[in-house]
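When the chains are written out, they are named A, B, C and D in that same order, and each has its own residue count from 1.
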Amino acid sequence: MKDDQTLGERLRESGISRRGFLKFCATTASMMALPPSMVPAIAAALETARRPSVIWLSFQECTGCTESLTRSHAPTVEGLIFDHISLDYHHTLQAASGEAAEEARRIAMEENHGNYLLIVDGSIPQKDGGVYSTIAGITNLAMLEEVAEGAAAIVAIGTCAAYGGLPHANPNPTGAASVSDIISGKPILNVSGCPPIPTVITGVLAHYLTFGTLPELDHLGRPKAFFGNSIHDRCYRRPFYERGQFAETFDDEGARKGWCLFKLGCKGPTTYNACATEKWNQHTSFPIQAGHGCIGCSEPDFWDRGGFYDALSVPTDDAGNILLGAAVAGAAAGAAVGLMNRKKQNTDTRAHEKVTVDDLNGD
Amino acid sequence: MTADAFLSFARGTGFDWALTIFVFGMLLRLFEVLSLGRKPDLSEGRGSGVQGGLKTIVTRTLPRAAVFAREPVRIINGYVFHIGFLAVLFLYEPHIELFDAKMGLSWPGLPTGIINALGVLTIFSLLLALALRLTSPVLKFLSTGSDYLAWLVTLLPVLTGYLAYNHMLLPYTAMLAVHILSVELLMVVAPFTKLTHMFSFMLARWYQGYRAGHRGVES
Amino acid sequence: MSRLQDIPIQVLDGQGGQSETGNVAPVLHEIRHALARLASTGESTSIDLSAIPFAPGDEAALFGLLGQGEVSAVVNALGETRIEETTYPGVWLVTHRSPQETVLSTQIEITRTPSLLSTPAEDLSDALDALDHYLSSPTAQESA
Amino acid sequence: MSSASIEKGIRMIREQIDAPIASFFSSCVHCGMCADACHFYVQTGDPRYTPINKVEPMRRIWEQEYTLWGRIKATLGLSRKVNAQDFEAWEELVYDGCSLCGRCSLVCPVGNDISDMIRKIREGFAVAGHAPEGLVGATRRAVEIGSPMGVRLSALEAQIRHLKHDTGLDAPLDQAGADYLVLLSSMEIMNFPEYLEAIARIMQQAGKTWTISSRAFEATNSGVQIGVSDIAAELVQRVVDAAEELGVKTVISPECGHAYTAIRFEGPNLIGRPYNFRVQHILEVLEEFRQQGLLKTKGKETDRMTFHDPCQLVRKGGVIEAPRNLLGMVTDSFVEMRDHAEMNWCCGGGGGVSANERADELKSKAFNQKKSQLDELGVDTLVTACANCRITLEEGLERNDMDIPVIGLTEMLADHLVEEPGKGGET
């Protein structure tokens, strides 16, 4: 493979017709959540896009993000993209292991210094010098700092890399942190989700490949194209919410009729992701469609935001004890004030001298 | 602090504190009132004090025609924001869910569109209430800082709820947090302002009604 | 292990052409506006259905409402793409599939001719070259 | 004023505050509806006369003395203690600007009995030396002479002699075992002796025995009006002693508003025990006679007339139907005022205002409310059942050049009595 070819050239070389290229551009636009009117711009950009080197670091994670990516539903398109990136290090996927693998990483870093794309999944333990997760004897913390230094941009894949995720959940025994907690001064893009939607991962990579830049981000560093709307706003069950039709349990009539899952704890209103439109498994379905509320997995600290089955409008703590305590304290304080008042009144009553007409002239 | 963390605070610690202060404060006020006691009425009754008290708690909800004729706008507006506020509070499904989850009580709600419209109505009604307070000589004379504070903390939950639902001003998560926080502000402020009337009005009506009932007087 | 039909869930019939959520109507309105634009200014519009929040059955309901018109074509490039005119001329349903036949994206195009149908300009010169090449080849001269 | 007397006033107000008062202050939302119910505010347009404002010093005392929050505020210097200037400033509002008519209590949406609060705050103002001179004088006369107007027994005896001379009817003094002990207000003795005659004739027709106590003939209770419970109790005690000594079954409160509620409802609470006799307003007695067929009338008035409900009777005494039933016996041309019965407007002279000379101007302003009610109706005659209302109304009508006679209902009924042969009259 020649590294100086553009993506366009590369695609045509692999025998794709001009209509095929157009179709590729159209489906890529769809994947990047760009409007179909962007297709010509994508085609033009692909003609000049170069093949980048990619280093993928997996830290404190469950490999769910990689699983999600490799199960992406459109192997042709994503396959084409991955054929045209140089995935130089991904310890789950690469054939090399041990010292050879680390060697590949070092070579890629040296050869593409300042130009490679760093993809991270998993959080980074910081406590006790980061000893809780190491690769080849190197702590995740040290490896991240080392690799990030020469990266053109960093993509944090999954909620762990983006915001700390599950390892960061209270009480966070390993001191897990997100990429952006550690690295500054580099463009960082977060593709959150536990795991992220595969088409969103590839869409973001396609955007970077195509345009050579990171897309527009929201205040949490996520691409607006995918994370610009809440699940609730794009949910097909939204009309039921508006009409006040809710499933009360998972097996009642409302649940069978596909009514809104708000009362069953759906976090759709405060969760920003593309599940409701992109969906999963070849646009087949997503959790709400399957009858379970959104758990908000693409938001920071979603593990610590109250019960998954408590409605958003319900306070997260058990109010029972507070209520009882406050009630007892309030009643006691009231009674205490009451006693003081009574005492005061008794004193007044005792001090009361019978009022006569002579008292009325006030002197 | 991210919007999510802010929301978590509002739903967690913030709510705990607000609820504590609200319950503590309201019970304190209630006990303060009741512990002052009342001497038994030794005069021969013409009617039942208990009946009069219970009756007045209900009937005093309606205005006397003679006074209504003098202040129709103020009285109707009073109904509008009271009913609007209570409807939005008690008939919006997510709110009902709160009562259900915390108290095990639930009842049917209204469609969100209607709640939204009621919210707008309530906001305008509260604005009118403020305008009346600022223009009527009597209200202006009577009003203290505490009255305006009570007005503000009543308006905020309705306003922020409306803004959150309609995705205005702030992203939903942040606005929802602001909304919940504004309710908590209301809960904290209520026991120390005239908002205590939300409970004490029943006592006041009871006492006057009891006396009227005992004397066989209309009330 | 129970079979699918033993699981007490009710699968809603998605073919009924009825949408309980009411999510179909807004798409139809969007199509109508695009069609009006096409008629007055000639501007084409493409609607990517993967960006529309559909309930199970909504998509089928939409397709049912649009119906099938006079033209249907298949483009074999990077997998099969079906291009069908609906009963509303100018409104096309374009379904891109991968070689593995999974749907990559579904689009409704409001245009006189979907762009994928017309021959790319570069292909014309390639075709010319190919035909010239053939005509200059011995086989061609023989058959002439 | 000495700070000692202010201290006394504050202590007295503190003594008055009970659970109802605390619940009222807890409930007030400053909605201002009470202003619209008050003739002093409506006629002057001065927001200081808003009823709830008249008890503002009491509210501050309640908050600062009886609530934790108020104590904290006071400690932090966020609220000011009630001082001599406050007493000075509020005296006029508490006495001149309120006739204790109770209309505000009836319209308060949260149910505050504001009128009762003003009745109670007066206790503090009185002992602090902030009661109006006129009322203090009346109270002194009530205690020392037995009548706020200084009417002595001899004056009553003179009226009884007139009665005998004119009609041959007697008003028996101190007759033990009578059915009824009749009380009179000074005004009835001095200004409206027709009342005494009417009673005598009605009692005769009904065949009831009655008496007047030479020791306690006065019904008016200045102690209640000025707001000194100790004095009010003393005045009530005089009547109770007389009634018990004479062994009467029923004490009749005359055509007077506050005298009725004072003896009927406040009395037992003032002296700290229930009575062993009944107390009725004269209209209640007449209504009972009517129902028992003991009241027979003939002929009807032809004048167009209306009835002025005394505030204390309708809003605090519960006498609403009786006057209407009784009026029905003697007139077909009775019309109601726009706001009548429990919503009637005060004449402006109740609650001690008429005894407080310095309030004259304010009282006449407040009367305009009554005037506008009467102007609307255009009646020939005004009937009422309270001597104090009657005097206030007569003064007000005269000042406004309105030629409408004011008549007591009892007298009017007496005028229509069927004179049965052999029973009294000029035999």
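Quick note on the criterion: contacts are C-beta pairs under 8 Å (C-beta built on N, C-alpha and C of every residue); 3 or more make two chains touch, one makes a residue touch a chain.
Small disclaimer: the values here were computed from a predicted structure and weren't measured.
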item: Set of chains adjacent to chain B and to chain C; value: A
item: Per-chain Cα centre nearest the global Cα centre, belonging to chain; value: B
item: Furthest chain, CA centroid comparison against chain A; value: D
item: Pair exhibiting more inter-chain C-beta contacts, B-D or A-D; value: B-D
item: Mean-CA-position distance for chain D and chain B (Å); value: 38
item: Whole-Å separation of chain centres (CA-atom averages), chain A against chain D; value: 77
item: Chain centre separation in whole Å, for chain D relative to chain C (CA means); value: 92
item: Interchain centroid distance [CA atoms averaged], chain A/chain B, Å; value: 39
item: Residues of chain B engaged with two or more neighbouring chains; value: 28-29, 32, 34-37
item: Chain A residues counted as touching two or more neighbouring chains; value: 333, 337, 341, 345
item: Chains that touch, pairwise; value: A-B, A-C, A-D, B-D
item: Residue ranges of chain B touching chain D (in the complex, touch as defined); value: 28-29, 32-39, 41-44, 46-47, 56-57, 60-61, 63-67, 70-71, 74-75, 78, 136-144, 147, 150, 191-192, 194, 196-197, 200-201, 203-209, 211, 215-219
item: Touching residues on chain C, where the partner in the complex is chain A; value: 8-10, 12, 20-23, 46-48, 50-56, 58, 75, 77-79, 81, 96, 98-100, 102-105, 107, 115-116, 120, 122-123
item: Chain D - residues contacting chain A, complex; value: 1-2, 5, 11-12, 14-15, 65-68, 126-131, 136, 139-140, 143-144, 226, 228-231
item: Touching residues on chain A, where the partner in the complex is chain D; value: 333, 337, 341, 344-345, 348-349, 351-352, 354-357, 359-363
item: Complex contacts: residues of chain A adjacent to chain C; value: 16-20, 22-24, 26-27, 29-31, 33, 35-37, 73-77, 234-240, 251, 256-258, 276-278, 282-283, 285, 289, 291
